[in-house]
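The structure's right below; bear with me while I get my questions together.
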Amino acid sequence: MEAFLSNIDRVVDGFSWTVRLTLLSAFFSFILGILLTAMRVSPVPLLRGLSTAYVEGIRSTPLTLVLLFCGLGLNSALGVSLADSVAMDVFWWAVIGLSAYTSCFVSETLRSGINTIPLGQVEAARSLGLTFTQNLRMIVVPQALRTVVGPLGSVLIALTKNTTVASVAGLGVQEASREMKLMFDQGIAPVLPTFVGFAIGFLILTLPMGYFFGWLAKRVAVVR
Amino acid sequence: MRARRINTVLGGAAVLALALTACGTAEVGDSGGDGDEGGGDTITIGVKYDQPGLGLDEGGSPVGFDVDVATFIAEELGYSADQIEWTEAASANRESFLQQGTVDMIIATYSITDERRQVVDFGGPYYVAQQDILTQADDSDITGPEDLDGRVLCSASGSRSAHNITDDMEIDAELREAGNYSECLELLGNGTVDAVTTDNTILAGFAAQNPDEFRMVNNPFGEEKYGVGLPAGSTERCEEVNAAITKMWEEGAATEYLEDAFGTTDFAYEEEVPELEACA
Amino acid sequence: MSIQTSVLFDVPGPRARKRNILYTVLTVFLALIGLSILYLGFNRTLSDRESSLFSAETWAVNPAGQWAADMWAPFLRADTWTGYVIPGLQNTLTAALTASVLAIVFGLVFGIGRLSKHWWIRVPSGAIVEFFRGIPLLMLIFFTMALPIVAWQVFDVPTGTFQVTALAAVVTGLTLYNGSVLAEVFRAGILAVPKGQSEAAESIGMSRTQTMWTILIPQAVTSMMPAIVAQLVVLLKDSALGYIIAFPELLRSFTLLATRESNVIPAAIICALIYIVINLTLSRVAIWLERRNARRGKPSATPTAAGGAPSEVNGARGSDEKPTEEPGPHKG
């Protein structure tokens, strides 16, 4: 364990990348997820179709492949550089890939939340003359968000764990699991304490998230 | 009733799963049937599957220089060609494969280093490669490692080559790490990175695949002694391997294998007999 | 009843129809621009082109780009499929099926364990489930691969005593992770069976075990089927992580193929298509199961977001059941 603890700065460094990846991807996938959901229930058939195709397609593709595609294909195809240094460039491509992937799950969660809203609510809103966007903004989304707080928490937890894939799929972001593998390979510290140490690190991130979202979900639950 | 049905379904699924596992792992890149295990002893050798010229999965079994060398050594050790079981040895799992005994030996562009000698034994070297740089064909600015200052350099994860340039030679190049060299080549082809660096043998194989697109700088530096990786404490086996390697060079088989692998490229491979190192 | 999309807005009148047409045209326009950028980008004529943007030369298939015919030609040859794709698919399915069965067993054991009357079963079961649910699959795979080293470092078992193959590492990782998610699914499913069922069983003298296996689990499994299938889709997708430890599954065999043919991007696209077809089929099964349950008048558990099944039967849910207590989405 001492050998592991003497390398604690590497562990912390790895987890700092994990946290940054998680937070930024969570933010973008939430925005994109709401947009996809709005498209999915919109009056325009084409928008509905596009959103469905995107969500179903990306959701069925392994994350590894999505990230591989971002890191090896899209970056050069679009010919844009996202940052000056390579480390930040791959970081941002990882954020894009993770957001593109996670937004599908956010969208599906929101949609199932919308499905829990009683018919009468939206019918009442329509009979008051609310338009689609007003209906969505004032009636549907606020209630839907409250019912899906718990499941959204699970999406966030899954995202936290998924950031590990960014270390391998052609991107090589220096996040926690990569540090763990490097420490395994370089024989810096015995394997078991290293694994337990990194596992505790992830549990420190994910367990409180689970409890917080569970608590929040109970607090904001819609009584029906 | 329903409980029984569900149990039956679960049981059936379990049987199916076990049957599937019993079939084992299907050979990727193996289009022919492999019924002829040959009986008796087999030897498991780890080679690369993703390095053209050295060890490449070629729709049947791996082919390349490393594979030829491995076949020769195995024959000297008393195993015929069909008693060899090939396993893919990626850079990341070479040490653990040897430590665990997953493979009997590894011949996969495995450089002998003091660091690695602490965990595994090495026979050989059977070839001494040098490090070189691969760039886009139309990039004439890079003629050697010192030109990489401020450029982006790609290397595969688990490889030390890029660190030789950035750390040991203290050249200020930026590193982009990819999963393997074909990913590096993709990044080089689309201009995300300026150069790929690793052993000239590996680069030559890739350059030969796309001669119009890539150019080898041909300014080799350093030396990478390719050893035959063996589990720690196999001194006897190491001596046998060394004898086989000596014979391979004396008979001219080694040059023949190199000619097979790189004859069509303009890579000037080393024809000098490598100096064997003592078995620990 | 749930909200159908059409409930959110009125039947469009003449103005709304015009607006919709405008939006449609706008979307088509934007989508075309997006597709063109992608096409030109992968054609390598987007940023570093010599001809003007609208000349035919720019739009012709660039032999150096990703759309060049020889990049795709390998997929028209039979040996590509027999030598790489089909064995890879076989390995993916082997790993996924084995792990599915083991994960279901793991889930049943620990899901029921968490409901045990005895704290010494309940608490460890809960701890195990929470532990494996909280750490990334990739770490589990790396750790399983390193088990012989652990045995050597901790128990002085000489290395070489036992080996962990790549298949075993992938299956173990998938089993532990998805099994712990399924444990939660089963637990929630068993808890969702109306209380009267177990009371009735007890009143006719059935033991706790009998009640569990003949009354509760069959009902729970039926209602949880969509969620289970959804989790199996996740499992199948996650098996692609085997590519990192050189387990020759579908993605890995495409990587090897791409090395041989130097066509990384086309190979990735075809590989993605294969995954999409398999997973969409599985998702359809989940939806079909859901509908079947709905027809039979049984409430299906709310599907996880990872599943494709739209929740159309939420009205049938017990009013005291909070959505947050259900297993949330877990994906890989």
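As written, the chain order gives the labels A, B and C, with residue 1 at the start of each chain.
The rule we apply is simple: a contact is a pair of C-beta atoms (placed from the backbone, for glycine too) under 8 Å apart; a residue touches a chain by one contact, two chains touch by 3 or more.
Fair warning: this is a prediction, and the values are worked out from it, not measured in the lab.
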Label of the chain whose CA centroid is most distant from the centroid of chain A: B
Pair joined by more contacting C-beta pairs (A-C or B-C): A-C
Distance from chain B to chain A - Cα centre to Cα centre, in angstrom: 36
Rounded Å distance, chain A centre to chain C centre (Cα mean): 15
Whole-Å separation of chain centres (CA-atom averages), chain B against chain C: 33
Residues of chain B touching at least two other chains: 92, 179, 183, 186, 190-191
Numbers and ranges of chain A residues touching at least 2 other chains: 72, 76-77, 168, 181
Multi-chain contact residues (two or more partners), chain C: 48, 146, 149, 244, 264-265
Partner chain C, residues of chain B touching it in the complex: 2-3, 6, 10, 13-14, 16-18, 20-21, 23-31, 49-52, 56-60, 88-90, 92-93, 96, 99-102, 179-183, 185-186, 190-191, 209-210, 213, 231
Complex contacts: residues of chain B adjacent to chain A: 92, 95, 119, 152, 157-158, 174-179, 183, 186-187, 190-192
Interfacial residue positions of chain A with respect to chain B in the complex: 72, 75-77, 85-86, 90, 168-170, 172, 181, 185, 187
Contact set on chain C toward chain A in their complex: 1-3, 5, 7-10, 12, 16, 20, 23-24, 27-28, 31, 37-38, 41-42, 46-48, 66, 130-131, 133-139, 142-143, 146, 149-150, 153-154, 233, 237-238, 240-241, 243-244, 251, 264-265, 268, 271-272, 275-276, 278-280, 283, 302-306, 308, 310-312, 314, 319, 322-332
In the complex with chain B, residue positions of chain C that touch it: 44, 48, 64, 79, 82-84, 86-88, 90-91, 93-94, 97-98, 100-102, 104-105, 145-146, 148-149, 152, 159-160, 162-167, 171, 213-214, 217-218, 221-222, 244-248, 252-253, 255-256, 258-260, 262, 264-265
